[in-house]
Structure formats: structure tokens, C-alpha cells
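Note that subunit A is present in both complexes that follow, paired respectively with subunit B and with subunit C.
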Partner chain A sequence: MSIEIKDLSFTYDKGLVFEKMALRNVTFSAHPGEIVGIIGQTGSGKSTLIQHCNGLILPIEPNHVFVDDLDLYSMKKTISGIRKKVGLVFQYPEAQLFEETVEKDVAFGLKQENLSSDQVRTRVETALQTVGLSYQQYREKSPILLSGGEKRRVALAGILAMNPQYLILDEPTAGLDPFAKTSLLEEIRKINREQHVTIIMVSHDMDEIANLADRIYVMDEGTVVLSGTPSEVFRQYDTLYALGLSLPETSRLLHFLSQSWKGIDNSITDPIRGAEVIMQYMKEKGLWN
Partner chain B sequence: MSDFIELNQVSFHYPENSEQQNAVQEIHLNIASGEFLSIVGANSSGKSTLGRLINALYIPQKGTIHVDGMLTSDQTMTIPIRKTVQMVFQNPDNQIVATTVEEEVAFGPENLQLSSEEIQKRVSESLDLVDLQSYRLYPPHLLSGGQKQLLAIASVLAMHPACIIFDEPTSLLDPVNRRIIIQKIQDLHHKGITTIYITHRMDEVLYSKRTVVMHEGKIVYDGKPTDLFALDQQKLLAFHLYPPDLIKTIEALKKMGIPFPHPITHAKELADYLCQLR
Partner chain C sequence: MELRRQITLGQYVPGKSLLHALDPRIKLLCSLILMVVVFLIQSVTGYLVLLGFLLLLVLLSRVPFRYFLNGLKPILMLVVLTVSLQIFFTKGTGQPLFSWWIIQIFQEGLVAAVFIFLRLILLVFSSSLLTLTTSPMRLTSAIEFILKPFSYIGLPTAEISMMMTIAMRFIPTILEETDRLIKAQSSRGAEFETGNMFKRLQGLIPILVPLFISSFRRADDLAIAMESRCFQVGMKRTQLHPLIFRSQDFFSLGLFIILLSLIVIFL
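Here is the complex of A and B:
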């Protein structure tokens, strides 16, 4: 039970002047309970990859894209089931809010679900609670009058109300201020831990991905160039630098230090742990007492 | 002696029932010519409102704002003030209007009724400053996000402003383009342009010499960015500010007893400093 992508290639506008190869032989997986991060420059194929994960782009050949062992190639007529199972939250999802009230907006996706109004209410209430908004306080509000962070939570709640097993987030914190960002990241972690939703998250923010993801894929020009745990990936300073990607601040610091201080542990991404590692190294080598 | 920009007891509120509710209250702020000032704060703290007040887009209900000696509430001064202080916003798509890059840059100068020679000269000059000369005849929509933001900056430069207010110019950009834009802004500041940089990214605050923190419409801090991050963590959190990771590491090392006589703002700098300690 997982999302498996095997040796997938994809070309936009195949055979036309604007033909563009967006994915080349990509292999990717997200296992139950994981938080998987995807990083890479604009145009590296991240969005094309995540759109394959819930069948927004359908594979043109069998044996490349699987959700819970089902080949999406054979699912063309029943793809809506997959889209419920794999929720996708686009970048700036607040742009898609359109209903008069928060309650109606979150409930919108449930309209085709044949649920009683009580069941809908419960789902909406739970979804809003999960993203940290009180149902009583927010249900009657107009989405357009909310703050940026609140709007984004409402949009996220609309997807969560569908009870997805997998949640794909495309730059969920882009443009949010640090406070809204930190609390949204906490909600995401909570959705993962408490509701056991598998998370796939695209981000440009290395610090946030380093501290949240269990595994990371680094993409460049349609291929996966690096993958592994954050500490395995962010140790590859030169590769990431050559790809024009930034590193988490703590990884950068430890990379610079490791040029003079041989053997210092440069796999740390947490700033406080970083300070501890530095102090420990200085004491061991007699540089500080 | 009077400063280039002076805000004296400034209060401003939006009309009642308006969607915007983030007003500013009793703002006292002097900005000298040639300064690089950052304004930081959470969303809705009033930082963008402050920028728009300086640019005479909004007129305060209380208090006075002088820009290079001109009073923003004096309507005859509105145009000279806007020529002096230009703004660059978050989303360049919202301010790009023309069909080619050069027409876009010429738009402002054309409205100043300058001679066509002068307009051509300014267009060329401005495109050189942002390295977009080779895109002169491109339609703007084919530029990347970062290039569009550079174009927005070029259009503003063609007006020969003494001061530019950047309102979160990098928040929609990826890290590579973010770096390019920040580098360009620093270059322009070195050429003598007074720079007001509005942001909510703590790491970007470190590029300025002086930072002002806005919280619920008021200025709650005015000083060096490095001193700001040395403040008590609880206090920073109360302002909805989170120090950059590098500052967290430095603060942790300080607690372990390592002295930091000079402010350090970059990872490389910190590594070099630690390596020479004995």
C-alpha cells in the first residue's frame, strides 16, 4: 500500500513545436505514514510528478504509476476514486475559494458523496478542527475576509474533508509570514501523525523541508538527482550548489566548517543541534574548554 | 537638520467596514538619504500601509509625512513625491502593462513628457542596470518570474527615483531568483538609492543596516538587525518574529560561553570566526 512511480517519462505537447520533456525515467515512492519532500528549481518537473500521483495526468503506458497497487493506466474510467484517496492542494489554494461561507466551501467536495447533512457537518467540523480553525467561530464567515494564513487553512480543510489517505501539498507555506508558516507546518505534522495521512510536499524552503520530511527527492531537468533522508541529501553540498539549490543554514555552516575541521558531523540540519555539535567538536579537539 | 523622509506622529486607519483593517498608529520614523532600512513584521502588522503612506498612496488622518521636504498631504506635491519615491510590489504581473519589455520601461518616462531621446536613454540605462538589455523586444509574459521582477525594477529606475520601496519583492520567487533580486537591490543601494525593504523573511532583514519592526500598527523596534535577534526569544515570538536558523545557532553558542564581539550574519562568516578561535 503506497504510491509507486517506476521509470516514468513524460513529454508535454509531444510532436508539437513546443514539445517539452518534463520527466525522464523518474522512480519515486511514498509509503504509508511518511512525509516525503520534493525539492528542485522552477521547471525541474516537480509539479508534473505530483500531478501523476493522483491521476491528474494519466500515464500513457501501463506499469509506471501505482496507487495502492492499482495501475493508474487501467483506471481511466474510475479515476475519481483515486483523486479522493490522493488529495492534491495546489500552490496558493486560497485562489480557489469561492463559496459564500467557510462551511459551504469546505463542504463543496462532499456534494457528490451521498452523505446525510449530519455526516457532512461532522466532516466539515473535523476538517476545520484539524487545520486549527474553530467550526463555531468560522463556519458563517466569508472566506474572502479571512487572512492569508486562514484562507489557506480553509482550502486545506476542503481537501481534508474528503478523508484522503495521501495528501500532496505544492509549496504549502509560500508567501505566508513566519508565524502563519510555523503553525501551518505544525498542522501538517499533526495530520500526518494523528490521522496517519501520508504527505508528499513540494517546497523551496530548505529549512522547513529539512525539519519536516522523512525522505527527500531532489529533481533537476526532469530527473531525480538525489534522494534519501534529509541528512543524507543535505550533506551533498557541491551537488546541490551546482543545481542552484540553497541548503538549510545549519548544513551550510557545517559544510564551511568541515573544510578546516576534518571529521565534524555535517549531517545535522537543526540549528540548536548544530551548535551542540560545534561545541562538542571544539572540546574534543581542545579548541575550547 | 531634517531627514530625507520624516514621519511625525502618523496615524492612519482604513474606512470602517473595509476589508483592510491593518492601520498604523503614532508612527515616528526618520530615514536619512542613502539608508538601507528594512521593515519587518507579520502579515497585517501595518508594514505595507507604512510604505504606501510614504509614497503618498495613502494620506494619514493624523500627523505629517515629509519626503525630501514635501508634505504628502499637500496634493500639489503628490506627483513630485511619487517621482522621488517609487514602489516595487510583490507580484510584478500586477504592475506590468505594456506588450514589450522596452515599452514597459518607457511607460513611466513617457508620462513625464520627456523628449524621445531622453526616454530612449533612460530605457537603455535602466535595462542595463538590471541586465535585461538582451530582452528589449520580448513580450513580458515570456519572462521568468525573476526577470519580471527585474523588469518592474527597471521601470521604476527609469523614473530616476531617489528612493525605492520594495514591498516583499521576493515572496513569489524561488531561491535562485530571490538571490538575484536581492543582489540587484544591494547594487542599487550602493549606487546611492535610499532603500526601504518590506519583508517578513527574517534572513532578508540581515541585508539591511537598520530594521524597524511593526506589530499591530506600531513600531516596536528600531535598530540593528543583529541586535534585534539577540533579544529575548519570547519577545520576538510576541512580535510574531522567528530568528533565522543561523542566529539560533549563534545564540546557542553564546549561551555555551563563546564570545561574539562583532555581529555575524552569514554562515561563511561564522565558520571563519569559529575556526580562528583558540
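Here is the complex of A and C:
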């Protein structure tokens, strides 16, 4: 039971002047309960990859894209079931709000499921609570008039209301202020821990991805160049720099130190753990008193 | 389902062919002449020669033929409708070629249908030739040039062409945004391809409302950007790449007129 992508290639505008190869032989997986991060420069194929995960782009050949062992190639008619199971939150999802009230907007995806109005109410209430908005306070408000961070939460709640087993987030924190960013990340972690939702997250913020993800895929020009745990991936400084990607601040610091302080553990990405490693190193070498 | 890839109307295919290099004003004039000529010709041979001439121009433009066929898609229904109207409802003088129940087909009807068919195809081909080889910006410059005489009678030509430029500029942006919204709403369980007419129309609301909101916001942003670059209504405007006639432009125009005159006179 997981999302499996095997040896997938995809070309936009095949045969036209604008032909562009977006994915080349990509192999990718997300297992239950995981938080999987995807990083890479703009145009590296991240968005194309995640759109394959919920069938927005259907594979043109069998045996490449599987969700819970179902080959999406054979699911053209029943793809809406997959889209409920795999919720995808686009970049700047606040642009998709359209109903008059927050309650109606969050309930939009539930219309297709034959639920009673009580059930819908409960789902909406839970979803809004999960993203940290009070149902009583927000249900009657117009989504258009909310602040940027609130809008994004409402959009996220709209996906969560469908009770997805997988949640794909395309740069969920882009353009938010630091406070909204931190609390949104906290909620994403909570959704993963408490509701056991598998999360796939695309981000440009290395610190955010290093601290949240269990595994990371690094993409460049449509291929997966690196993959592994955050400490495995962020140890590859040179490769990442060559790809035009930055490092988490802590990794940068430790990488710099490791050039003169031989033997310091530079695979740490968490700032507090990093500080501990530095203190310990200094104590061992007698530099601390 | 990607709209941007389906809508080819007014699409431009960059290239370096002779037709691409031709002055857009000349191209605009030529396609206008062509459209008039399409209705002047009275014989099937004339049409076939004209079609051959257009196919030659298509080859010359080096734009893949597929793009021209795509241009025909939106008017396919229109073609089918008019052609069948001509076939079934033209009353001829002689014996009907075919008759069954109340349906009678006359020779005149078939001839008229072939004419209409060829005319529509030629019209689409000639307008496609113009838009596929001319960037929207150059095309608007050309239209502005042609509208210029009307500014003396008070038509705000500069503003009209500015509006056209802006509209052209935002067509791809809005198509892209529509694509994005369709995908985003499909991810939320919206269905656009099933249900009856009413349901499908209702399905457009989640697309149209956000599209309107973002278009208004974009218009606001654009207005501020233009004002901060000192845009003022009614000022005289210069161009970064002004259109200049070259000798080959006049030569092509001359050749074009001579060829078309020959077709009209002799066929």
C-alpha cells in the first residue's frame, strides 16, 4: 500500500515545436506514514511528477504509476476515486477558493460523495480544526476576504475534508510570513502523526524540508539525481551546489567548520542538534572551557 | 485536457521562414486580399489552383501542416452544417440526382456545397497563415498602422492597439491559469466531463469565479505597473522595433497581387 512510480518518462507537447521532456526514467515511492520531500530547481519536473501521483496526468503506458497497487493506466474512468485518496494541494491554493462561505468551500469536494448534511458538517468541522481554524468563527466568512495565511488553510482544509490517505503539497509555505509558515508546518506534521496521512511535499526551503521529511528526492532536468534521508542527501554538498540548490543553514555551518575541524559530524540538519555537535567537538578537542 | 494545448486559434509558431520575415502589414493586406479573392472566384479549377497556391505558401512558412489542420477543428461543425444545408436544401432545375422520401439532391446543391467547403477551408488557411507566422505583437503593430487614418476622425487608435496588445499578451496567461484551476478543482473532486448540460455548466462556476477574481487583480497590478512607468492616455508613443518596409516586402506584395489577379481573371 503506497505510491510507486517506476521508470516513468513524460514529454509535454510531444511532436510539436514546443516539445519538452519533463521526466526521464523517474523512480519514486512514498510509503504509508512517511513524509517525503521533493526538492529541485524550477523546471526540474517536480510538478509534473506530483501530478502523476493523483492521475491529473495519466500515464500513457501501463506499469509505471501505481497507487495502492492499482495501475493508474487502467483507471481512466474511475480516476476520481484516486483523486480522493491522493489529495493534491497546488501552489498558492488560495486562488482556487470560490464559494460564498468558508463552510461551503471546504465542503465542495464532498458533494460527489453521498454524505448526509450532518456528516458533511462533521467533516468540515474536523478539517478546519486540523488546520487550526475555529469552525464557529470561520464558517460564515467569505473566503475571499480572509488573510493570505487563512485562505491557504481553508484551501488545505478543502482537501483534508475528503479524508485523503496521501497528501501532496506543492510549496505549501511559499509567500507566507514566518509565523504562518511555522504553524502551517506544525499542522502538516500533526496531520501526518495523528491522522497517519502519508505526505509528499515539494519545497524550495531546505531547512523546512530537512526538518520535516523522512526521505528526500532531489530532481534536476527531469531526473532523480539524489535520494535518501535528509542527512544522507545534505551531506552531498558539492552535488547540491552544482545543481544550484542551497543547503539547510545548519548543514552549511557544519560543512564550513568541517573543512578545518576534521572529523566533525556534518550530517546534522537540525540547528539545536548542530549546536550540541559543535559543543561536544570543542570539548573533546579542549577548545571549550 | 490541457486547454493551452488544444486552443490553437491565433497561435504563433516562431520560425525564420520567408513568411515570418515579411512585414506584418504586408501580410495583413495580403490575407485581406486573399479573403476577397476567395469570394471572387467562380470555378472549381480556380479554387483548386488557389488551394495549390496556399499549400505552396504553407510549405514556404515551414510551419508543420498539423497546425493548419488544428485551425480547422473549431469550424468543423460549421463546415458540416453549411455543407449539408447546401446539399439538402438547394433546389435545382433539372432531375434530382438522388431522391428518397422528402430528400432530394440536385447537381446544383453538390456544386454549391463543394464551393462553400473550399471557401471555408481557404479562409481558415489564409488566416492561419497570417497568425501562425506573425507574432501577436507585430500583428497589433500592423493593425495600429492600418487604423491610423481613423485617428484623424477621433478614433483612439493608440488606445485600441494598446488594449489589443494587452489582451493578446494575457491570452496564454489566462489559459494557463484556467488549466491550473481545472487541475486544482479536479483534485478537489470536481467533475467536468460527466453529467448533463446543466451539471456541466454548473461545473464551470469553480473555474470562472477564481478566474474573474485573479483577472481583476491582475488588471489592477498591470495598471499600477503601467502608471509607475509613466503611462499616460493620449500620449504619442514610439516603438522599440518600429515596422519598416523593405524592398522585398513590396516585391512580395506585387508578386502576390499579380498571381491572384491572374487566377481571378483566367479561372
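Everything that follows uses one rule, which is that the second predicted complex is superposed on the first by the 289 of 289 C-alpha atoms of A that agree within 3 Å, B and C clash if a C-alpha of one lies under 4 Å from a C-alpha of the other, contacts with A are read in each partner's own complex, and residues count from 1 in each chain.
Convention: a contact is a pair of C-beta atoms (placed from the backbone, for glycine too) under 8 Å apart; a residue touches a chain by one contact, two chains touch by 3 or more.
Since this is a predicted model, take the numbers as computed values, not measurements.
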Touching partner for A:T42 - first (subunit B), second (subunit C), both, neither: first
Partner chain(s) touched by A:N114 [first = subunit B, second = subunit C, both, neither]: neither
Contacts of A:G158 with subunit B and subunit C, given as first, second, both or neither: second
Partner chain(s) touched by A:Q51 [first = subunit B, second = subunit C, both, neither]: second
Partner chain(s) touched by A:Q136 [first = subunit B, second = subunit C, both, neither]: neither
Which of subunit B and subunit C A:D13 touches, first, second, both or neither: second
Which superposed partner A:P271 touches (first subunit B, second subunit C, both, neither): first
Chain touching more of subunit A, residue-wise (subunit B, subunit C): B
Which of subunit B and subunit C A:I144 touches, first, second, both or neither: both
Contact residues common to both interfaces of subunit A (with subunit B and with subunit C): 144
Touch list for subunit A against partner subunit B, complex: 41-42, 144-145, 147-149, 174-180, 182, 204, 206-207, 244-246, 248-250, 252-253, 256-257, 259-261, 271-272, 274-276, 278-279, 282, 287-288
Partner subunit C, residues of subunit A touching it in the complex: 13, 15-17, 51, 54, 56, 80, 83-84, 87-90, 93, 95-98, 108-113, 144, 158-159, 162
Of subunit B, residues touching subunit A in the complex: 19, 42-44, 90, 144-145, 171-172, 174-177, 179, 200-203, 240-242, 244-246, 248-250, 252-253, 256, 258, 267-268, 270-272, 274-275, 277-278
Residue ranges of subunit C in contact with subunit A within the complex: 5, 13-14, 64, 66, 180-181, 183-191, 205-206, 209-210, 213-214
